[in-house]
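In the two complexes that follow, subunit A is the common piece, with subunit B as its partner first and subunit C second.
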Partner chain A sequence: MSKKSFRQAINEALRQEMQRDPRVVLIGEDIAGGQGGTAGIVDAWGGVLGVTKGLYTEFGAERVFDTPISEASYIGAAVGAAATGLRPVAELMFVDFVGSCLDQIMNQAAKFRYMFGGKARTPLVIRAMYGAGFNAAAQHSQALYPLFTHIPGLKVVVPSSPYEAKGLLIEAIRDDDPVIFLENKVMYDDEEDVPDEPYSIPFGEANLTREGDDVTIVAFGRMVNFANEAADRLEKDGISCTVIDPRTTSPLDAATILECVEDTGRLVIVDESSPRCNMATDVAALVAEEAFDALKAPIRRVGPPHTPVPFATVLEKLYLPDAARIESAVRSVMAYKKTKQDA
Partner chain B sequence: MTDLITPITMPKFGLAMTEGKIAGWNIAPGAHVDAGQEIADIETTKITNGYESPAAGTLRRQIAEEGETLPVGALLGILAEPAVSDAEIDAFIAKFQADFSSDSATTTQAEHADPFMVNVGDLTLRVQEAGQGAETPLLFIHGFGGDLSNWMLNQTTLSATRRTIAFDLPGHGGSSKNVGEGKPATFAVTAAALLDKLDISKAHVVGHSLGGAIALELAKAFPQKVASLSLIAPAGLGRDINMAFIDGFITADRRKTLEPVLNYLVHDKTLISRKMIEDIIRFKRLDGAVLGLQNIAAACFPNGQQADDLRPVLVSFDGPAQIIWGADDEILSPNSAKDLPATIKVTLLPQTGHMPQLEKAADVNAAITAFID
Partner chain C sequence: MQIAHDILLRSYRSMRTIRDFEERLHVEFATGEIPGFVHLYCGEEASAVGVCAHLSETDTIASTHRGHGHCIAKGVGVDGMMAEIYGRKSGVCHGKGGSMHIADLSLGMLGANGIVGGGPPLICGAALSHKVLKDGGVAVAFYGDGASNEGTTLESLNLAMVWQLPAVFVCEDNGYGEATGASYACAGTQKARAAGFGMPYFDCDGTDFFAVYEAAGQAIAHARAGNGPVMLHVNLARWYGHFEGDAMTYRVNGEVARERAEHDCLKNFRQRVTEVSLLEPSALDEIDTSVKDEIEAAVKAAKSAPLPEPADLEADVYVSY
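== the complex of A and B ==
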């Protein structure tokens, strides 16, 4: 066990699964070379942010495929490889680029098991960076996990820490269905204790990072850290929060969310993706339908405005939810009093 | 007058403990306390433990507030007789705080010993060493599903005059997940090989639960290596075992299902902390961990009963042997300590479950110290 960054945890998961299973291959833009590469040093960097560094050197060109800028073709190739016996991990670089290859994912990979009567397996992982806060502008900053969650046949993972990332990525690689694995680009240098050995975290099991009595906060990916920060501050004022990290948006651990809301009676959902038809609306609908009687206050959603992610630093900062906004949402549901008598 | 002032400082319960939180004061300022009286509850990341007063006196100051997290060695309060003036206490505090901030970093570093890996045959074992001295070394052997952190409240105390070794059994903690045949005798061979590797020819052996059975197998196969046996709630002396614990420990993979299983371990259920549950879940997620536990359970507890009867080994053991058992053990019954030769000292601890070394650490440490010194 040692401290590892989010980046190292993902790199280690890839390395250990490639060592364990020769069918695991990597394919993507710049995953061997990338920024900082010069002639003769193929593995100078390992992807735009260095996540796959060292894997080309260890496993060679037969298992680490560097591709041209051609999402439609290499994602398609990865889908085909998965359907015919390999276990590819494709890197889409920025998830925003999915527009160029959505058919391969949505109409092909996601549909095979269903359309072939359950007989087809598509053990494909697509890794991609998501999220604002990196000053990468509107085409490189979106949090598109709701888009994939919308499509039956895909599994969608949004890890919230280095420990979570390693275990969930190993689980993703061992899974026989197509998995979209989204890494918040701002978190690559976050560090925590991560076991050296391989381990896997099952999908569809939420993690409670805080347990409290007053308010349930459901947060996704990087927002889990902000929710924890808010919960710790609120704890000092006597407001105790449960923080739920669902880990995967598909499958979603609805049972844990409902149980916690039944305990606390109040719900705040923190989702950095665009606010229409996102995970916050999905969880709000779930709770409104299944746990309405438990609610002591309206459900509050904390998220960005319905705009493209702004490039200007000050605007981008305003755009993203933070601990202060979560804290004030929690205070608002705590302050809520029913004004009308129950009929 | 400063010799009449006793600082109460954040204790170091385990080797890995660097800070603790004041879960609550049990004594109000101005009250008299006896030495050994529990004056506060200290919460670490692993466990909440009562803090016993190092001396008698009046609690003149509570410096740490409830809920505050402080580094090991930080000033929590002041004990002094009523004759000591407030000015003297203020001066003492000022000097203490000035000294503490300047040398705390170095002391913490020197005392902190990280576990390290040792290769024994084709296995890699995670080992934690502490202490040195001329006295015969001491070896801790944990039980089913445990790891070396089970001795976090014991190893430091018992290391005052000797070298002590705690390690993760194969299949546990950070050690190799290959458990071989998974029987107590298998692990005894590993323990003996570890002693050889560490250049220890003979050791006092403290074994808990399944580790007690392993200690007995060690005494049977390598009697020359065992100076004494301290068996804590040991397996091997009876047939019955709470299989709801064993099976539940293997199958439960979520906090909600694991917590009731871990509750079997202790009399005071509040000792099972979030962190303890999380650590066990994380261990069980490691590749091969659950398989290893299954293999051990199948080898040691087939058909819901203990396979090995090691009573004859204990009865015929040449050296000193003692047994420590919690009266309220819900996993292995203390009745198994009955009808043993009178030369074997049996300590039964009231209001204590299956893990006396955690739940009644001070009593267990005292019993072991008195026994081996």
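== the complex of A and C ==
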């Protein structure tokens, strides 16, 4: 066990899985970097933010493949390779670039198994960065996990810390279905204790980072940190919260969410993705349908407005949910009084 | 080739403006005051300016993530650009786009682009507008060697030929897409790619304004005359990292210094025009001074300009909703 950054945790998961299984290969733009450069150095970048650094040097050109800027072909190649014996981990850099290759993910990888009557296996991982807070503007800041969650056949992982990232990425690589693994770009330097040895965290099993009696907060990815922060502040005022990190949006651990709402009777959902048809609406529908009687107050969603991500810092701060907004949502559900008498 | 004085002066001014704008951004970025990603166009000025010298506001261009040069060459003002890069309300996009999304449709500038390969299909559409509306305009896609490998680019070359569009595909080949060399990432040649679609092809030294001006003149005239699309392959070098903060370990030591010493489009332009007394050195000096003041003023204004207001967050998502 030692302190590792989110970046190091992912790098270590990739390295250990590549050591364990020779079928695991990496594919992506500048995941090594420097090929064809005049300095003759390969592994010059190790990915645009240095996440895959050193892996080309360790595993070589037979395992780590830099690509031209051609997402449709290399993501598609990863899908095809997965269906025919390799276990590729492809990097899409920014998840926003999925616009250039969605067909290969949505119509190919996701549907093989079902369309082919259960005969195909497509053990593919697509890693990509998501999220606002980097002044990266509208085409480099989206949180598109609901888009993938919407597509049957894909599994979708949104890790919330370095420990979670390592265990969930190892699980993703060992999983036999196509998995979309989304890394919040603002979190790469976050550190915590991460075991040195390989371990995996199962999909569809939520993690409770806080347990309390009054309000259940469901949060995704980076928002889990903000939810914890809000819960700690509220605790001082005697409001105790359960914070649920679902870890994966598909599969979703509905049972844990419902159990916690049964206990607390109040629900706040924190989702950084665009608010229409996102995870917050999905979880709200689940609870409205399955735990209506337990609710003591309306469900509250905390998220960005229905706009693209703005560039200017002042606007981006307003756009993103934060601990203060979560805190006030929790206070508002606590303050709620039913006005109409139940029949 | 004869080039009118006013075009020479305007083009020099435009190249100097791009150079100073970018060199200044390089310095300012290091202070940490500029948010987001910034990709500099230093060293490539002659390409944007040599091409845009043949365009008017009726014509359309689409740019890339490395878009400041194209914007300036197409006439976007440096005050609005600088303010945009600083995320100010007075920016050309009100601080909502930043460096990678500077656009001014009123000038035929369809935007820088955060998506590699985003521009060429848009330019097919802009060329279609020019053709259907019969306004005499041409549409020009600037795209890099890296972007030349996107399916969107290759599909656009084909579509433009099939529809015989007044489109010009300017491949700015600086030898790198991020940290990867074109010699690794580009199979075949741009020339052969054009030939594969039956598209006329022009090639030029993109560090020589006169070479770009001449080749672009022919390419654009071809498209404007209704003869269909063309490709213009421009050979260049970029002087800074892919984005600010890139240490460029993948380039051999001295590569950029040699480019600066031997292939500086501004130095070469000055030498060329003063040697044959086309322009007086004093006229160029005057431009240098005035551009310097202009950039200084733009930075100063941008730094003290008001920030966007909360209401701006939800404005302009739709025309109506």
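By our rule, the second predicted complex is superposed on the first by the 338 of 343 C-alpha atoms of A that agree within 3 Å, B and C clash if a C-alpha of one lies under 4 Å from a C-alpha of the other, contacts with A are read in each partner's own complex, and residues count from 1 in each chain.
Note that contacts are C-beta pairs under 8 Å (C-beta built on N, C-alpha and C of every residue); 3 or more make two chains touch, one makes a residue touch a chain.
As the structure is a prediction and not an experimental result, all values here were calculated from the model.
Asks: Would you mind checking whether subunit B and subunit C clash or fit side by side on subunit A after the superposition?
Replies: Aligned on subunit A, subunit B and subunit C fit with no clash.
Asks: In the superposed model, which partner reaches more residues of subunit A, subunit B or subunit C?
Replies: Tallying touched residues of subunit A, the top partner is C.
Asks: Give one of first, second, both or neither to describe whether A:115 is in contact with subunit B, with subunit C, with both, or with none.
Replies: In the superposed model, A:115 contacts neither subunit B nor subunit C.
Asks: Go through the superposed model and pick first if A:29 touches only subunit B, second if only subunit C, both, or neither.
Replies: After superposing on A, A:29 lies in contact with subunit C but is clear of subunit B.
Asks: For A:306, using the defined touch cut-off, is the partner it touches subunit B, subunit C, both, or neither? Pick first, second, both or neither.
Replies: second
Asks: Regarding the shared-chain residue A:167, is it in contact with subunit B (first), subunit C (second), both, or neither?
Replies: After superposing on A, A:167 lies in contact with subunit B but is clear of subunit C.
Asks: Is A:197 touching the first partner subunit B, the second partner subunit C, both, or neither of them?
Replies: The answer is first: A:197 touches subunit B but not subunit C.
Asks: Tell me which partner A:255 touches in the superposition: subunit B (first), subunit C (second), both or neither.
Replies: After superposing on A, A:255 lies clear of both subunit B and subunit C.
Asks: Taking the superposition on A as described, I'd like to know which of subunit B and subunit C A:288 touches: first, second, both or neither.
Replies: neither
Asks: When the two structures are overlaid on chain A, which partner does A:208 contact: first (subunit B), second (subunit C), both, or neither?
Replies: A:208 sits against subunit B, while subunit C stays out of touch.
Asks: Least CA distance subunit B-subunit C after superposition, rounded to whole Å?
Replies: 34
Asks: Overlap the subunit B and subunit C contact sets on subunit A and report the shared residues.
Replies: none
Asks: Going by the contact rule at the top, pick out the subunit C residues touching subunit A in the complex.
Replies: Per the stated touch rule, the residues are 35-37, 87-88, 93, 95-98, 100-101, 113-117, 146-147, 149-152, 176-186, 249-253, 255, 307-308, 310, 312-314, 317.
Asks: Which stretch or stretches of subunit A touch subunit C in the complex?
Replies: 29-30, 33-41, 44-45, 48, 66-73, 96-97, 99-100, 134-140, 305-308, 310-315, 318-319
Asks: So in the complex, which bits of subunit B are touching subunit A?
Replies: Where subunit B meets subunit A, its residues are 174, 177, 253-255, 274, 282, 285-287.
Asks: Mind pulling up the subunit A residues that touch subunit B in the complex?
Replies: 1, 163, 167, 195, 197-202, 205, 208, 211
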